[in-house]
Amino acid sequence: MIEKELKFGTCVGVFTPGSDRYCRSGYGPPRTLDEMLEMASQVEGLGGLELVSNWHVKEDTVAQVKKDLEKHGLEVCLLIADLWTRARWGKGSFASRDKGVREEAVQEVKKVMDLGVELGCDKVDLWLGQDGFDYSFQGDYSRDWDNIVECTRQCADHRSDVKLCIEYKLKEPRTHCYVNSAAKTLLLINEVQKDNVGVLLDVGHAIVAQENPAEAVALINRNGGRLFYVHLNDNYRYWDDDMMVGAVHLPLMLEFMYWLDEVGYDGYYGLDIFPYREDAVRAATESIEWLKTMRKLLSRIGRDKIREVIASGDATRSSRMIREAITAGM
Amino acid sequence: MIEKELKFGTCVGVFTPGSDRYCRSGYGPPRTLDEMLEMASQVEGLGGLELVSNWHVKEDTVAQVKKDLEKHGLEVCLLIADLWTRARWGKGSFASRDKGVREEAVQEVKKVMDLGVELGCDKVDLWLGQDGFDYSFQGDYSRDWDNIVECTRQCADHRSDVKLCIEYKLKEPRTHCYVNSAAKTLLLINEVQKDNVGVLLDVGHAIVAQENPAEAVALINRNGGRLFYVHLNDNYRYWDDDMMVGAVHLPLMLEFMYWLDEVGYDGYYGLDIFPYREDAVRAATESIEWLKTMRKLLSRIGRDKIREVIASGDATRSSRMIREAITAGM
Amino acid sequence: MIEKELKFGTCVGVFTPGSDRYCRSGYGPPRTLDEMLEMASQVEGLGGLELVSNWHVKEDTVAQVKKDLEKHGLEVCLLIADLWTRARWGKGSFASRDKGVREEAVQEVKKVMDLGVELGCDKVDLWLGQDGFDYSFQGDYSRDWDNIVECTRQCADHRSDVKLCIEYKLKEPRTHCYVNSAAKTLLLINEVQKDNVGVLLDVGHAIVAQENPAEAVALINRNGGRLFYVHLNDNYRYWDDDMMVGAVHLPLMLEFMYWLDEVGYDGYYGLDIFPYREDAVRAATESIEWLKTMRKLLSRIGRDKIREVIASGDATRSSRMIREAITAGM
Amino acid sequence: MIEKELKFGTCVGVFTPGSDRYCRSGYGPPRTLDEMLEMASQVEGLGGLELVSNWHVKEDTVAQVKKDLEKHGLEVCLLIADLWTRARWGKGSFASRDKGVREEAVQEVKKVMDLGVELGCDKVDLWLGQDGFDYSFQGDYSRDWDNIVECTRQCADHRSDVKLCIEYKLKEPRTHCYVNSAAKTLLLINEVQKDNVGVLLDVGHAIVAQENPAEAVALINRNGGRLFYVHLNDNYRYWDDDMMVGAVHLPLMLEFMYWLDEVGYDGYYGLDIFPYREDAVRAATESIEWLKTMRKLLSRIGRDKIREVIASGDATRSSRMIREAITAGM
């Protein structure tokens, strides 16, 4: 399988200049969806786009968006439900203490599931970024989790032909998010008990949660086997820096990609990078090129060799294996 | 329940001068078990002792240990199976790739379960500190986890009158331990499916794993309700510093203790501190006094008030509640 | 000195709903400066306000701002030069590779120094948040630092009656900021060699940089004694969460306040909190109340006792000292 | 200079099985110095050895050690003064509150300087690992730093033909070490004012201190230019894991090695790894092979190209530069 070609996608937001709490207006001029699609089409090897509801697509723009995507030969690989871009969700979406907000959140997800079908995409990202707490004695852990389970279940019941991909993240924008690790996401999925609910593993989120991403893949595979989607990027471990792939970690990424193959993951490799100060087209291109390079290094080693080295448990052999894959051509 | 009196225990190792990789001989002279028990008896309020097998008790010393404990009016509150003090376990105990080592590890635990019964203690700590990996392409995630599940099950089957308390820890001595978070421990317990297997929550381990300890208590309670034991200490978040209680975190500890009550935890509050450079009797005493002080602060607020503040989700009220508990007497 | 009354200030931005990269429009409605001043005047004990140039005050609004402040009985305790709110500064201000940008940055600071004098404030904050790098092989360490030294010197020369307060921060918005620790700031000041250049110590920045804030105070005192200003807040150590004072750390904060007294700091205690989801008036009030409470705890102990305990180097005595200050009234 | 051959050294302790606070007896059998030298001689490319006083060499063994080294064709590249292996130093060496301990520490260093000359080595490592504090209100920052300055000065005065290499480290064995960053070390050196006092930069220590190692090299170069020695290893950023080179970081290490060349560093590349569970000969060999591979990648790019890319400040070019160096031979 290491030889199979990968499918690359990216969040279209990569092409909107990023903002932060200091530079609210963003590190560059805003762009229309069409401009962003034009940029996306310049990224060699890119086939899929992730869109955020409300930001990039709504009920009344879906037809136009579809047409625009076709024009550029791109497909939607993931729809991301907006449960985090507005003050409305500030104190939570599924875990909001306000019943009205929870209902609205569920409604948003259902709408996005329908939009997905219209756009030919069967995967909807549920990132509950606003569901968590910041201070001691603020989270109502039992009640809040009840609400997350219940809302997720309602969404899952809306239609079984769309997969809900729960994207866990340790923190940000809350200091503590509820759905924050692979293992906790699996406990949530256990409670929800719906076949169309699975995991979106963002490799940067896994690193920040101090998981080894490869191990997280194996854990998800073991517990139901529903790894629905992956996000690629890199960071310095303390924060979700959303940097270009290849920026920091090499052995870790190689092992992660190897395990994706081992569990038979054949979905998109979706970029989730924030090139605040970089040319977005080049940043996405670099990330894809690094993924291809990593893939080549793995192929050069070969699956049998990798399995044998892992089975030995000898770290000096692991080190040598990676090093020789690099120096093979030197 | 906040009014109920707490039971305090400590690992007897607190009274042995600690060593580390630099000062191998330890930061003070070694002590006999009897000397340590003598010190333990000087700690006001201390009722229970945790013993590590091989280090503090073995089959041929159990009778003497029992006598010594009685002499000092102490009981054993936890027995810790030695799966980590010898080179034999260096590459893993339950997850060792060597079948002989795994069998020996299971044998060790079974032996300790029997010792526990002899010593009147129905709780055995399973800390799989050596089971993990250090480098990329070293862990054999699927096989290693299989072995952990299988070995744990064999131990649980040995006798149902002893509770196995799985103590999770993010890292150290391995850079990555397998059983490393509350959620992952619960997934393990789900697989093992034995009633006498539960969780030992070390508050410092929870902090290092970037859990909020109070939330971890609620999560464990929700998933089977088997919080069997807790360890108390404090740290600076990056590492398991095993400092005295009260050293760093106040609101976090208060919330943790509140949730222990909420879920009905009525076991020991076991100190797991490493007073490398401190007088051990005073370090243990301080920790217990801090726990009592925290308890008093909670009582001063009252459970109804706490529940109401949590339900409000208003962090300024949480802040004020804690602050006023402190200033009430000023 | 512990008995002396503290002066409290806050950044006026505390009263503007915060935004982040996800919720760009902010977690609440925008407010006019007048509305924010009105809110500030509701915070008991607040005497000073910090203003950010361009955001809160400009050359053509300075007269009006002055009038508004007088109306509410508030004074300006710090002016913050805008070197970070616009895309213009995205790749650096003083360390920009673009000479034009550097000149503009220096010009901005000089302007703010003049505004300060007009507003009766002799302190200008230089936070070089955008000056740093994100990736390997991106920073031009020697040249960039040259530029920071040179630009700072030019600003210092502009007028000696205004103090430049260099606010260090480990990271954010860059993954690596150049002026990132107390020690490195002191090396910068050594190079600049101007009496009106000193340090702004943000306690949260110190924590994220893994400094012990009290020690940073002593270090600054030792190296020139130019601790010009302090910022107060709290966080969970990995990120500049800008939480309310009292949220996480108690002993650390007590020690920090003690050392501020020891070195004779008599300036403002300026809040730098981001109450994204809290009522801002209550959040600021809580922070001030916590600072007052901490001060009372220190007074209760007394300076002589503190000195004696520190001199002993005995951590069990440190622990007991803090604990007994809390329980004294119980 | 990138073409110049590197000199490789290692601490001889690499060949002693490591221990930790759990496995006190070590993860393998103890070895004599001769056995360790025999192992060292099996590491291809290794030319120098670092010895720790008391552990590996003493006044009465120096003649024998010298002979043994010659037998194996190895030279001493660094002598490490033992200020951390015994309980005696537990509460500090240079910063001890006990005058007798401080004098003994200075005496130890002077003795080691003399031993160095006898062994033909002009570099002595001063790692003040025990000098720091663990708890709030424990460090006596002003007095303790005075003592560090004074003791360092006394050692420097002992003989000017030996270089004192101050090795900074954020923490461990103390939760806070005093000499903990490149910048703070430079402030210390400024105070000491002796030409034979400089910096030992351990790349892992720099990473844990959240420095970018390459930037630390430039900073040291700027402030006196006394980078006397470097230690090589790798880690996961939170702790000084002392792993094999190449284990985690590739771009970071490349940039670090590039800057070592830029500032003209021509000393040893000394391994400071702890292969607790690995074959030590292979672990050292792997680390050296990785360093050679990194060097080749840099050569392949060429210094002019690197300078140009850095000057551009364009991270996508930095990424591409590294990536293409890897794929050049594919």
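Labels for the chains are A, B, C and D, by order of writing; each one numbers its residues from 1.
Here, a contact is a pair of C-beta atoms (placed from the backbone, for glycine too) under 8 Å apart; a residue touches a chain by one contact, two chains touch by 3 or more.
Please read all numbers here as calculations on a predicted model, not as lab measurements.
By number of C-beta pairs in contact, C-D leads when C-D and A-D are compared. At the far end from chain B, in terms of centres built from Cα atoms, lies C. Work out the mean CA point of chain C and of chain D, and you get 35 Å between them.
Each chain gets one centre point, the mean of its Cα atoms, and the points for chain A and chain D are 39 Å apart.
Shared interface positions of chain D, defined as residues touching 2 or more other chains, are 91, 134-136, 171, 210, 236, 238, 244, 247, 251-252, 277, 314-315, 319, 322. Taken together, the chain C residues at the contact with chain D in this complex read 91, 97, 133-142, 145, 170-171, 176, 180-181, 183-184, 186-187, 190, 209-210, 212, 214-215, 218-219, 221-223, 251-252, 254-255, 258-259, 306, 309-311, 313-315, 318-319, 321-322. Listing the residues of chain C that touch chain A in their complex gives 17-28, 84-87, 89-91, 129, 134-136, 171-173, 175, 236, 238-239, 241, 243-244, 247, 274, 276-277. In the complex of the two chains, the chain A residues touching chain D come out as 210, 236-238, 244, 246-252, 275, 277-279, 282-283, 285-286, 289-290, 293, 296-297, 300, 314-316, 319-320, 322-323, 326-330.
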